[in-house]
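In what follows, structures are represented as structure tokens.
Each of the next two complexes has subunit A plus one more chain, namely subunit B in the first and subunit C in the second.
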Partner chain A sequence: MPLDWQLATVTAVRNETPTVRSFTLRLPGWAGHRPGQHVDLRLTAEDGYSVERSYSIASEPERTGEVDITVERIPGGEVSPFLHEAVVPGDRLEVRGPIGGYFVWEAALGGPLLLVAGGSGVVPLMAMARHRAKAGSHVPARLLFSSRGPDEIIYRAELDRLAAAGDGFAVAHTLTRQQPPGWTGYARRIDEQMLTEVVEPLGAAIRAYACGPTALVETVANGLVRLGLPADRIRTERFGPTGT
Partner chain B sequence: MEERIAMMRDDPAVDLTVDGSGVGGLLASVFGGEMTATPGQCAHCNTVSIVGTMRAYTRGPGVVLRCPACAEVVIRIVETPTATIVDVRGVSYLRIERAAGR
Partner chain C sequence: MGERFVTRGFVGRRDDGAGGPLSGDERRRRTPPGQYLTTDFPVLSAGPTPRTPLDRWSLQVEGLVANPVSWTWEQFLALPSRDWVVDISCVTKWTHLDMRWKGVSVDALLEGVDLDPTAAFIVAYSDGGYTTNLPLADVLNNQAFVAWEYDGKPLAPEHGGPARLVVPGRYFWKSAKWVRGLRLQANDEPGFWESLGYNNRGDQWTEERYSGD
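Right after this comes the complex of A and B.
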């Protein structure tokens, strides 16, 4: 099945945090995706110079004909500042996808499900959480989400709603740099003790997905292996410095 | 996996890489379908790893995929204005499932 570039129309732009924005892309020829997959976006200048970046899909596959991507603005980046500053509803962007078959979770795979995110690493995990809710899955699931400060928690209100739905989804936040007064969540980088506490209610035979900066993903993957989880139950996605 | 992760942590150059998953679009265009869940065997150390977990160096003129276990080059892809050049000397095999939408 060849993977062709298609023209997407931006139909909505929303701020998630001061530096993170979501874009809804309408894709008339979209064949659907699986939670965790991503799309490539291509920008081409008038002189023919073009750049491509890969962005995780944030929306659940139950929404058809369009996808959301959530993009953190990377200062000095080639693509993300353009998306943040220049792109408005009605604009068209070149997109190809869906891409990826490894970092994917679907309700049929079952659980219990552990999701661990650092910053914008939450995006593909959000597609899984949204899919889980829309598919009516009651697989026990927990998201451990590391953000720098309270204003930088992506999807905060929606995560609160998902956790309040009473269908077995829970969220544990850790704020590594700045905590608001009265903060009762974690206040440090993810470590093995934290993983142990978050994993404990899920039992032993979990499926784990971790996405974020390399150091966080390594801590999580190593920690889970030490907790006895087989390596093939741990899927990781690191974002390096090219995700700009 | 522990071994691999330990190795990657010792290599500062890893910070300049992305997962093989991050170049899944390019791989799909070269191989004709989804490749990131495909197992491949490193021709240098014989470790079988999932393409999506290989280390992708994307800052050069082409893309270089390295084995996550031994860090040797497994696949190189260079796109020129008229052709795509693919060097797969570093893999002894790729196991591509026909069910994966092709």
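Right after this comes the complex of A and C.
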């Protein structure tokens, strides 16, 4: 089955942080997705010049007929500044997907579930966390989330709500560059000690998903291997400075 | 979609200077559809980076060959190698022009193994269990090589070191990182990404990104 381009309508735009924005795309012929998958976006100018980019889906599959994507504005980028500055509700965008079948977690896979994110790498993991909540899954799950500063924590309020729901989902934040007064979370880059502390309550047979910059994902994946987790239980998605 | 859709307000950057000394025309000519140019070397992997010590590393050619072969690291480095300067396109949309590698052509690896006449496909397999499939015709005649150097330095583990297959004419997932062997087969056998929604052939010039493209 070919993945055809379809015309999505932007129905909502929401600021997540000063540099990160979410877009709700209503899709006429969306066959549904699995948490962790992404879509391709194609932008075309009047003269036919066009560019494509991939964006992870942030929303859970329980929401049908539309998906959210969350886009970090990359200074000097070709696509993300356009999406941030020019796209408003009512605009239409060409989209195809869903794409990717490995970096996927569904409630039926079970847990315990470890999610590790750096910056906007949280987006596909958020689809998993939202799905877990909507599906009524109670598998123990922890998100270790590295952000630069308190204003740059994507989905902060929603993550607080998910962690307060009492269904076995916990969040540990680390702020690597700037911490507010009274900060009680981690305050350094993710390292093996931090991983050990976050993984410990989950036990041994976890499923791990890590998404973020290459250095973070390398640290996490190598660290989990050293902690004894089999390589096929560790799924990674990385971004360098690619998704501009 | 019949008539071409135009994205309201989109102009595009057109020329990001990422091609170095090349002219804009040449950069455009060498950029496959839907791709953008970068001078970075982004890392994309599905799992942890495998690390096999060189004294336990080997490269195999097996399957439909009369003389299967296994090289140690030292033997592999002693095979006839050359420099390769090639354009690489990743299905995640980046294209990097003039990437400089050192490695052994697949032709050289197949010399002396005595291919069975029914051999028509290869499966490249890697540390960590990754596989990718290619028609034999797509890797012969200097269309593919196994590289151990990038940009004058040993190939870094996150980029597929100690050695990776490089197939410049296909999206980069066909260039198996951490390659440990080539298996010659009569039948095509979809590899890792080819079984997970990505295109079986992966020609970047016809945008064969996903199944059905």
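Assume the second predicted complex is superposed on the first by the 244 of 244 C-alpha atoms of A that agree within 3 Å, B and C clash if a C-alpha of one lies under 4 Å from a C-alpha of the other, contacts with A are read in each partner's own complex, and residues count from 1 in each chain.
In this text, a contact is a pair of C-beta atoms (placed from the backbone, for glycine too) under 8 Å apart; a residue touches a chain by one contact, two chains touch by 3 or more.
Note that the coordinates shown come from a computational prediction; the quantities given were computed from them, not determined experimentally.
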Simultaneous placement of subunit C and subunit B on subunit A, clash or fit: clash
Touching partner for A:A165 - first (subunit B), second (subunit C), both, neither: neither
Touched partner set for A:F103, first subunit B, second subunit C, both or neither: both
Touching partner for A:V225 - first (subunit B), second (subunit C), both, neither: both
In the superposition, subunit B vs subunit C on subunit A residues touched: C
First (subunit B), second (subunit C), both or neither touched by A:A157: neither
Stretch of subunit C penetrating subunit B in the combined three-chain arrangement, among 2-10, 74-82, 110-118 or 200-208: 200-208
Residues of subunit A contacting subunit B in one complex and subunit C in the other: 1-3, 40, 52, 54, 99-103, 214, 218, 221-222, 225, 231, 234, 236-243
Sites on subunit B touched by subunit A in the complex: 1-2, 5, 8-9, 14-19, 21-25, 28-29, 32-34, 36-37, 50-53, 58-59, 100-102
Interfacial residue positions of subunit A with respect to subunit C in the complex: 1-7, 40, 42-46, 48-54, 78, 82, 86, 91-94, 99-103, 214, 218, 221-222, 224-225, 231-232, 234-244
Subunit C residues within the subunit A interface of the complex: 1, 4-14, 16, 34-36, 38, 40-50, 92-94, 128-129, 158, 192-193, 196-197, 209-213
Subunit A to subunit B touching residues, read off their complex: 1-3, 38-40, 52, 54, 96-97, 99-104, 214, 218, 221-222, 225, 231, 234, 236-243
